[in-house]
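Labels run A, B and C following the written order; every chain starts at residue 1.
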Amino acid sequence: MDTFVQQLINGLTIGSIYALIALGYTMVYGILRLINFAHGDIYMVGAYAGYLLAIYLGFDANPSIFGFIVVLLGAMLVAALIGMAIERFAYRPVRKFSRMTTLITAIGMSLFIEYLFVFIFSGTPRSFPQLLQNDNYTIFGNATISTSQILIFAVSILLMVALQYIIFRTKIGKAMRAVSFNLNSAKLMGVNTDFVIAFTFALGSALAAAGGVLTAQYNPKIEPLMGIITGLKAFVAAVLGGIGNIPGAVLGGLLIGAAETLVVGYGSYIGIPSTYRDAVAFAILILVLLIRPAGLLGTNVQEKV
Amino acid sequence: MSSWLKSLIIGIVVIALLYVLNGMMSKGGFFGAGIDDYTARLLVFIAINIILATSLNLINGFTGQFSIGHAGFMAVGAYSSAYFTVNYGKQLESAFSFLGETGASSIILIIAIVIGAIVAAIAGAIVGIPSLRLKGDYLAIVTLGFAEIIRIVILNIDAVGGATGYQVPGYANFLWIGIFAVITIVVVHNIVKSDAGRALVSIREDELAAEAMGVNTTRYKVTSFVISSAFAGIAGVLFAHYNKFLSTNDFQFIKSFEIIIMIVLGGMGSMTGAVVGAIVVTLLPELLRQLPAIQVGASTFQFSDLRLVIFALILIFTMILRPQGIFGTAEIGNIYRRFRNKLGKPGGLE
Amino acid sequence: MLTLENVSVNYDAIEALTDISLTVSQGEVVTLIGANGAGKTTTLRTITGLLEPRNGRITYEGKEISGMATHRLVPMGIAMSPEGRGVFANLSVRENLDMGAYIRKDKKGISDDMERAFTLFPRLKEREKQKAGTLSGGEQQMLAMGRAMMSRPRLLLLDEPSLGLAPLLVHTIFEAIDNIRSEGTTILLVEQNANAALHHSDRAYVLETGRIVMEGDSKQLAADPRVKEAYLGE
């Protein structure tokens, strides 16, 4: 039985991944009020993009930190482009229609990506190459933390800080926030809203892809449907934190990751078998939506009659 | 001819047709004419999907509440009824043996359906009452969440098979499945055409205004949700007892999405649309399977492998090009009347 | 400065504007009056590119701008205070004003203009750090107008600035309009409050169910018996 600290480390590791993906959900919802169901699949696309890049550039035979960085950035770039393409060709034409229509388009896009990847790569999992040596370090007495876990924490924090900077200290970030408050008014301020929306998709997709590559280092098995459950949980994380709220997405991700791991680790003491792991996120979702739909950090915007 | 008599005649014809088809599906065929197993299975699934699509349309299309957890209620109906028949079926068979084998099976099936419908309805109430306070996207996600929890809970109940699956006695046949498909259509149609139906549509159009006009929106929303769930449960019972095997993999949210696709393609808010949508979505993957393979370079691509990709693309393009679906909110009756009017023949009010 | 020639706009099958022609010359205050639903807001939304005209031409400072994307009009010198104010509710008053200067890069100029906005609307200075969503209707209107001025527009479009405001605030708003005009900005004002609008403008157009039915000098229109009966309640 792992110690509490060990559970926490593991939980926060997976939580960081949820956080990275959740950021994409929350940003897109913030500016378009759209739940991008296909976003979880971008996480999978990122993993595969990294996988292909690693093999094509030969880093699987010569692992190095340089290789890892190239693969990570490459996957992020590919995902950003794909995310922008999805927005431009599938979501923009239906923006003017009802919310249900856009939601269904997003569902369709998610299915399309999943089935396309099953078609191309078949359902059998692939093994993501080990790009960095994986060592285990002992900390806090008898808890261990592996290199890939440290990597996840480090890269996640780096990316989140970068995102924070972009959103709160740059002009495009200002524009993103304005668009999220009032699209038409933002246009009247001179903001090129189509560009801002595309940029938001690019950012979110890049983060999800980073999550995919980092996860693949931690757990090398990748398969086309890996984005479904992870994506859904990341979405729950975004809702938990307050959808549209950026620090909320991070908080939500870490909390879900921790909760999940702790329930699996200690749940048997209170009668919850570990096979209920996936249900934890959904149970949290329901509790949040019924008790406090605005989420932990979200502000409840009252609908004006 | 009075409309009551018309309905009766149509009812008899339909049941006779179902009876004949059912006979053709059995081993000896219907006086020699038979339907192969593959086609039979297809027809059965069309009927089951009609039940699912029509019932979902009641809550999504007519009441405008976006629920994407329908598979959860199907699962509840399937597993609850299966538990009953697995554990009490044999006893009931002996008890009703005086009715003959088909008679006894039918009775047991009816009981199973009642059980499944009631349990699913209760589940619908449990999910619906707290959730229907939410709107739009939030309602969609919460129903999805509930459906997933239902599935995971069932997965963990060893008494109904757990991860290995559950063997179920085969009390259902096409006749009964078809009859219940017809019953579903008739019931939902009657609801929609009634005063209650207009209240539901008013909730869809503008809930605030409906409330202001005295419509108890909460009561209507929950009731239509519960009815819709009950029918999903019935579909689950029929599926379980035809397929003779249950696995929670059949009830993942992809199944809920499938039903959504049916009503969206057909046109939410149209009964005809739901039926047509169910037929199209059931047949399309199978039709695509029939297409020949194409050669690209050294690899051969089977269309059948691409069929799900094409399926998803059809959904996306429908949303972009014709978001209201094939029928929009029109019904076959309206279209027929308008067509007759265009031809200058008397055909009803215009 | 601004010309609309035979502009028609549809909302799906419904024709909202039919054959609208109007001009606004530099330095003028022109007002568009009419009943609810006459098409006044539609006109402004078409000029600013939020709606696309089915027919006709819109020209600004000699260049055709019909159907041009909204954000490209702002650097050209057009700004609008929209119907319903459209303030950024979760941002503070100051941040809203700052957002109005989005296209500008001159820090000193922006800061000067912000001071000017506070001078124009002292109430805003008091609530400088407050979130815009918590302001009263009148204050939000002041904010919307101040924000529109932050891009240093040459043409300012005002959509129903007095809507829903108490008479005292209406007076303040129109005083501000006079101030803005005296500083050289051209104004196209859309108003339901015909009385105030006609008293604070040079020329006027009367819009009825999507068509221009009358036009002319504001003072003359104010004295016109038809206008008096239909719009001035006399």
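Just so we're on the same page, contacts are C-beta pairs under 8 Å (C-beta built on N, C-alpha and C of every residue); 3 or more make two chains touch, one makes a residue touch a chain.
Quantities reported herein were computed from a predicted structural model and do not represent experimental measurements.
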Practice problem: Indicate which of the five shapes (line, ring, star, complete, other) describes how the chains touch one another. | Solution: line
Practice problem: Looking across all chain pairs, point out the one with the most C-beta pairs in contact. | Solution: A-B
Quiz item: Of all the chains, which has the CA centre nearest the overall CA centre?
Solution: A
Quiz prompt | chain A and chain C, separation of their C-alpha mean positions in angstrom | solution = 43
Quiz item: Using mean CA coordinates as chain centres, what's the chain A-chain B distance in Å?
Solution: 34
Quiz item: Where the CA atoms of chain B average out and where those of chain C average out, how many Å apart are those spots?
Solution: 53
Quiz item: In their shared complex, at which residues does chain A touch chain B?
Solution: 33, 35, 90, 93-94, 97-105, 107-109, 111-112, 115-116, 118-119, 232, 235-236, 239, 273, 275-276, 278-279, 282-283, 285-286, 289-290, 293, 305
Quiz item: What part of chain B is in contact with chain A in the complex they form?
Solution: 66, 130-131, 134, 136-138, 140-142, 144-146, 148-149, 152-153, 155-156, 208, 254, 257, 260-261, 264, 268, 305-306, 308-309, 311-313, 315-316, 319-320, 323
Quiz prompt | Complex interface listing, chain A residues touching chain C | solution = 171, 174-175, 177-178, 181-182, 184-194, 299, 301
Quiz prompt | Residue ranges of chain C in contact with chain A within the complex | solution = 48-50, 69-71, 74-75, 79-80, 82, 86-91, 99-100, 102-103, 147-148, 151
